[in-house]
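The two complexes that follow have chain A in common; it is paired with chain B in the first and with chain C in the second.
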Partner chain A sequence: MKFAFYPGCSLESSAKEYKESTLLAAESLGLELEEIPDWICCGSTPAHMSDELLGIALPAYSLLLAKQMDTDGVLVTCASCYSRLKAANHAILNDGTMKKKVAEALGEEYDGGVPVRHMLELTSDAIAQPGFDEKITRKLSGLKVASYYGCLLVRPPEITGFDDPEDPQSLDRLVAALGAEPVDWRYKVECCGAALAFSQVDIVRKLSGEILQDAKDTEADVVIVACPLCHSNLDLRQRNIEKYLGIDLEVPVLYFTQLLGLAFGYSAAELGLGKHEINPVPVLRKRGINI
Partner chain B sequence: MKSTSVADSTKTASTQFLERVEEQSGQKVRICYQCGKCSAGCPVGYAMDLLPNQVMRLVQLGLKDEVLSCATIWLCASCETCATRCPREIEIVKVMDVLRQKSRREGYPSPAREVPVFVSAFINNLKRFGRLYEAGLVGVYNLLSGHITKDMDKAPAMLLKRKIALMPPRVKGMGKVRKIMKNIEEMRQQ
Partner chain C sequence: MARIGVFICWCGSNIASTVDVKAVAEAAADFPGVAHSVEYKYMCSDPGQTLIRQAIKEKQLTGLVVAACSPRMHEPTFRRAALESGMNPYLVEMANIREHCSWVHEDRAEATTKALETVRMLVEKVRRNTPLEEIRVPVTKRALVIGGGVAGIQAGLDIISAGIPVTVVERTPSIGGHMSQLDETFPTLDCSQCILTPKMVELSQSPLTTIYTYSEIEEVTGYVGNFKVKIRQKAKTVDHVKCTGCGICVEKCPAKVPSEFECGLADRKAIYVPFPQAIPNKPVIDRPNCIYFAKGKCGVCKKICPAEAIDYDVEDTIVEEEVGAIVVATGYDLIDRALYGEYGYGKIADVVDGLQFERMLSASGPTGGKLIKPSTGETPKTVVFVQCVGSRDDSKGIPYCSRICCMYTAKHAMLFKHKVKDGKAYIFYIDVRAGGKGYEEFVKRAVDEDRVVYLRGRVSRIFEKNGTVFVKGSDTISGQQVEIRADLVVLATAVAASDGARQLAQKLRIGFDQHGFLTEAHPKLRPVETNTPGVYLAGTCQAPKDIPDTVSQASAAASKVLGLLSSDELVREPLVAHVSESVCISCFACEDTCPYGAIERVEWKDPETGLTTEIARVNPGICEGCGACIPVCRPKAVDLRGFSEEQIYSEINALSDMFKVKR
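And now, the complex of A and B:
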């Protein structure tokens, strides 16, 4: 299958390792990705906060660019982009007035019909296919993994239509399929506070700190995420959270594509494991993973 | 400004406010029966001056000034937990969006002013570059919000790990993007 790749802004800077590991994992899964030329930002939370039409028209612009490509749909990796792209399709398909307004703003009509898939959805499809196990060349057994879904990947369900909004399982199933051990924990769908990451840092420290503390209490070795904004709060900010809350965390946070890449035999350097604030390599080695 | 119709003038200002919020958000705020489920699950509830269900109640009562000047509408993180759980299926984030927009456009002071400052800096960044220029956004936001050195402690490690793109993104078609954003502003003012 071939997809029009929408990396989103974070994958171009603070989440480069998510892009690198996504491209490697996609190749191993036999997914062909072609980046949408000149895609623009989806507008994320600030756009819908300031103007409903802006929050729909910005993603619609990139979806129109993708429509001109001969693919099976758009592939996204960020939960916020995923939510906004799907919200745009949903609004345009279900609200005739909004569809007209978007056409007026863009100077071009968009029908809301380009399918939008998250890399996790495609990965979930892939693990159910025969032959998946043969791709696994590195054993991850013994590694305890807390799967963090956050908000916008699974909420609101009528927009994302993907997994259970209260107790999603797709990442957990992936962890199990890779031979690692999914842990049962309480904070898998709690909010990290991404929308307030710059403007209300104390709130973010509290919310993200509680998520990390629960992962630690559950004795998870690592947390995996499917969103660059979640990663930025949980990893990049972790030292700052420790200082602010006066606690010791030291919880490595990996992108699920990095875990996938590890199982497929890629090196720590290829997967950008060295780019994290909390180095995951010691705990991976401690669990007997050969990297 | 829209002229007030005869029908409107017979309604109280409170009813008009409720009706406008419902119309603009597409949500039936009046069917909220105050079960409090939104507030029980709200991750930011602890920091709010009004809980989400109280915001809904104030909208029902048409208490415009109270609701448009509260911190809650800015502290809501749009995490969608409330909307997912609401037994009346009210998309509360859409209501919050309309309240934020009204609060800004009608010049209400915000007790959490960093949030609207950030939102404006974000949109201006987009207008200029088409994609988010993170380094530029942090710089502009820090200047405007008065937190000059915020997040600067993260910068050396991020630079070392090549996690900050120093140069702004380059997107072809920015003329068209800016035109679209201008169209949207004009359509809003109509």
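And now, the complex of A and C:
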């Protein structure tokens, strides 16, 4: 299958390792990716918080570009981009007035029909296919993984329409399919504080601190995420949280595509494991993973 | 030669203020076939009816058009007046110039024209009306009750009290339903079993009652007053005639499975009686869980049975019953608890549902009435009750209120506090709906006397950490997130339609809503009838309801049954479809179309050719006169009495003639 790849801003900067590992994992899964030429920012939270039309028209522009490519849809990895692209399709399909306004803004009509898929959706499809086990060349058994879904990947359900919004399982199933051990914990869909990191840092420290503490309490070796902002709050800010809350965390946070890449046999360097604030390599080695 | 009488009603000022009734009467007098045309202030009054009766005789009228209100209002009145003067009532038609004209128009000239057009159309129709006779069908004086819970039991008892025999079909091995699982009932806290079992016994011991337990409805044919029902009796594997109910087989059976009656809190054997007060109090073998049926070995029950009642070779049997009326009382199930993964049901041992809590409270339950934490067996000190688990939750696809949870949760919290004096009870709620008699007082008692703490808000997550269960939710009154350490959590899971209700509804040709609840004929005025004559609803199969409402509805359904079965024959309106035998081409498109199953296939011998063919015939006992069969009939062999194609076309032609005149 071939997809128009929408990396989003984070994957070009703070989450380069998410992009690299996504491209490697996609190759192993037999997914052909072609980056959308001249894609623009999805608008993220600032756009839709300030202007409804802007919040829909920005992602619609990139979707319109993707429509001109001969693919099976758009592949997106950032949970926020995913949410905005899906919200644009949803609004244009269900609101005729918005569809018209978007057409005026873009100078061209977009029908809302380009399928938008998250990398996790495609991975979930892939693990159900025969022959998936043969791709696994590195054993991950013994590694306890807490799957963190965050807010936007599976919610709101009428827009994403993917997995159970309150008790999602797709990452957990992936962990099990890779031979690692999913842990049952309680913060899998709690908010990390998201963009409040820019305005009210204390809230993020508290919320992300609770998430990491619970992962630690349930004896998870690593947390996996599917969103660059979650990663930034949980990993990049972790030392700051430890200091602020006076606790010791030391919980490595990986992108799920990195875990996938590990199972497929890529090296730590190829997957960008060295780019994290909390180095995951020691705990991976401790669990007997050969890297 | 038609001699039609036209009677224009003023309805006081209701019609006369907008329609020039005198002009209409005068103009109608000149319509073809009209022999008499008058107006009067109140046609429905005694003098008005006398006017009509006299005119029929004096003017030798052959048909009537009464231009007045809706036929829903006074058609029976004027048809009766006609009958009293010796005229066939089906030669009377009403032109609705009130609801369809004066009430909805303002312009007097236009309204008058429209009234005239309406009268003209009806005159043309009446010229083609033929005398019709009411249809009389015989009645089988026996009722069928589907479902042996409290609704079915109450309906059955009320029917036999009038001397009408009843057949009760129950899917499980015993009658009693969910009510037999309950401990004490709100708002009076009387013991559920104690008030139910006498009714179960009374029903089962009546010579007028036939009970088929472990049985399901296979097929329903026929029509009101004359249903034929096939009942599948699942193989009990135990001959209940020989069985003495000694129970030794149950004692010795080595196969254990979770008990449905105990909601999985205890095991039962593969040969079992669901509960001690079961009726019949004789066991059945649950074949899928029986070792003998799985492996061909064991046979302990057969070896040990002193009455030689065990027969592994028996098969399902089909019995046929003829009944005149059917009461559907199939009850409810709880929603699938897997819908709420975030509440940990099934994963966390100390999270139970309301029915499980009832079983724990019950003195005859798996814990002997002792409240325990299922994980450890200790007495729970803090219990959190969560209301609206499923109910009123659009995100789970269940928008409706389950109606019973507010009350039973208050009762649960109260009974917990009675058993554990130093315990703490918290209830998460959205609203407390306590609208029944004595209900609000009951909830107040829970708060004031038993110190139950109500927290207004939803629970987001229930989780276990280091052996402790936490309930995380919001208290919207204090505006805070709360986290409660609970020893036990009780989920008030939503009431859902009983498994299989949709399939049964299809067999009975009755409606059901998107949630599988069976639909009544009118939500306010015909709450126990269905759209299929002779089939009635009782209890939670129609919508979630509590025991008092269920029993009321069951008695109402029984009274409808008794009303129906009180006469020897049923009288039905003759406005039904009929097939012209020589025109029918035996395509049976009508059979596929008919929503009531009124089309029968019959052998018919053509008197001209002497050949016998199979053709369609309308059973007038079933036909509702909806007319759906008419457009699908290719050779136009079907027509509707009272609304024939000729009559309808004559009305349309009359109207178009008047338009031509206008132009």
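Here, the second predicted complex is superposed on the first by the 291 of 291 C-alpha atoms of A that agree within 3 Å, B and C clash if a C-alpha of one lies under 4 Å from a C-alpha of the other, contacts with A are read in each partner's own complex, and residues count from 1 in each chain.
Going forward, contacts are C-beta pairs under 8 Å (C-beta built on N, C-alpha and C of every residue); 3 or more make two chains touch, one makes a residue touch a chain.
Model, not experiment: these values are computed from the prediction.
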item: Which superposed partner A:198 touches (first chain B, second chain C, both, neither); value: first
item: Chain B versus chain C as contact partner of A:47, first or second or both or neither; value: first
item: Chain B or chain C, by number of chain A residues touched; value: B
item: Touched partner set for A:167, first chain B, second chain C, both or neither; value: second
item: Partner chain(s) touched by A:61 [first = chain B, second = chain C, both, neither]; value: first
item: Partner chain in contact with A:250 - chain B first, chain C second, else both or neither; value: neither
item: Which superposed partner A:184 touches (first chain B, second chain C, both, neither); value: second
item: Touching partner for A:14 - first (chain B), second (chain C), both, neither; value: first
item: First, second, both or neither for A:111, with chain B first and chain C second; value: neither
item: Which superposed partner A:157 touches (first chain B, second chain C, both, neither); value: both
item: Chain A positions touched by chain B in one structure and by chain C in the second; value: 157, 165-166, 189
item: Chain A - residues contacting chain C, complex; value: 157, 164-167, 169, 184-186, 189, 214, 217-218
item: Interfacial residue positions of chain B with respect to chain A in the complex; value: 24, 26, 43-44, 47, 75, 77-81, 83-84, 91, 94, 97-98, 100-101, 104, 112, 114-115, 117-120, 122-123, 126, 130-132, 134-135, 137-138, 141, 145, 150-151, 153-154, 157-158, 161-165, 169, 171-173, 177, 179-181, 183-184, 187-188
item: Parts of chain C lying in touch with chain A, wherever the complex brings them together; value: 340-342, 347, 395, 460-461, 463, 465-466, 470, 472
item: Complex contact set, residues of chain A against chain B; value: 9-10, 12-16, 37-41, 43-54, 57-58, 61, 95, 101, 104-107, 151-152, 155-157, 165-166, 189-191, 193-196, 198-201, 203, 207, 236-237, 240, 274-275, 277
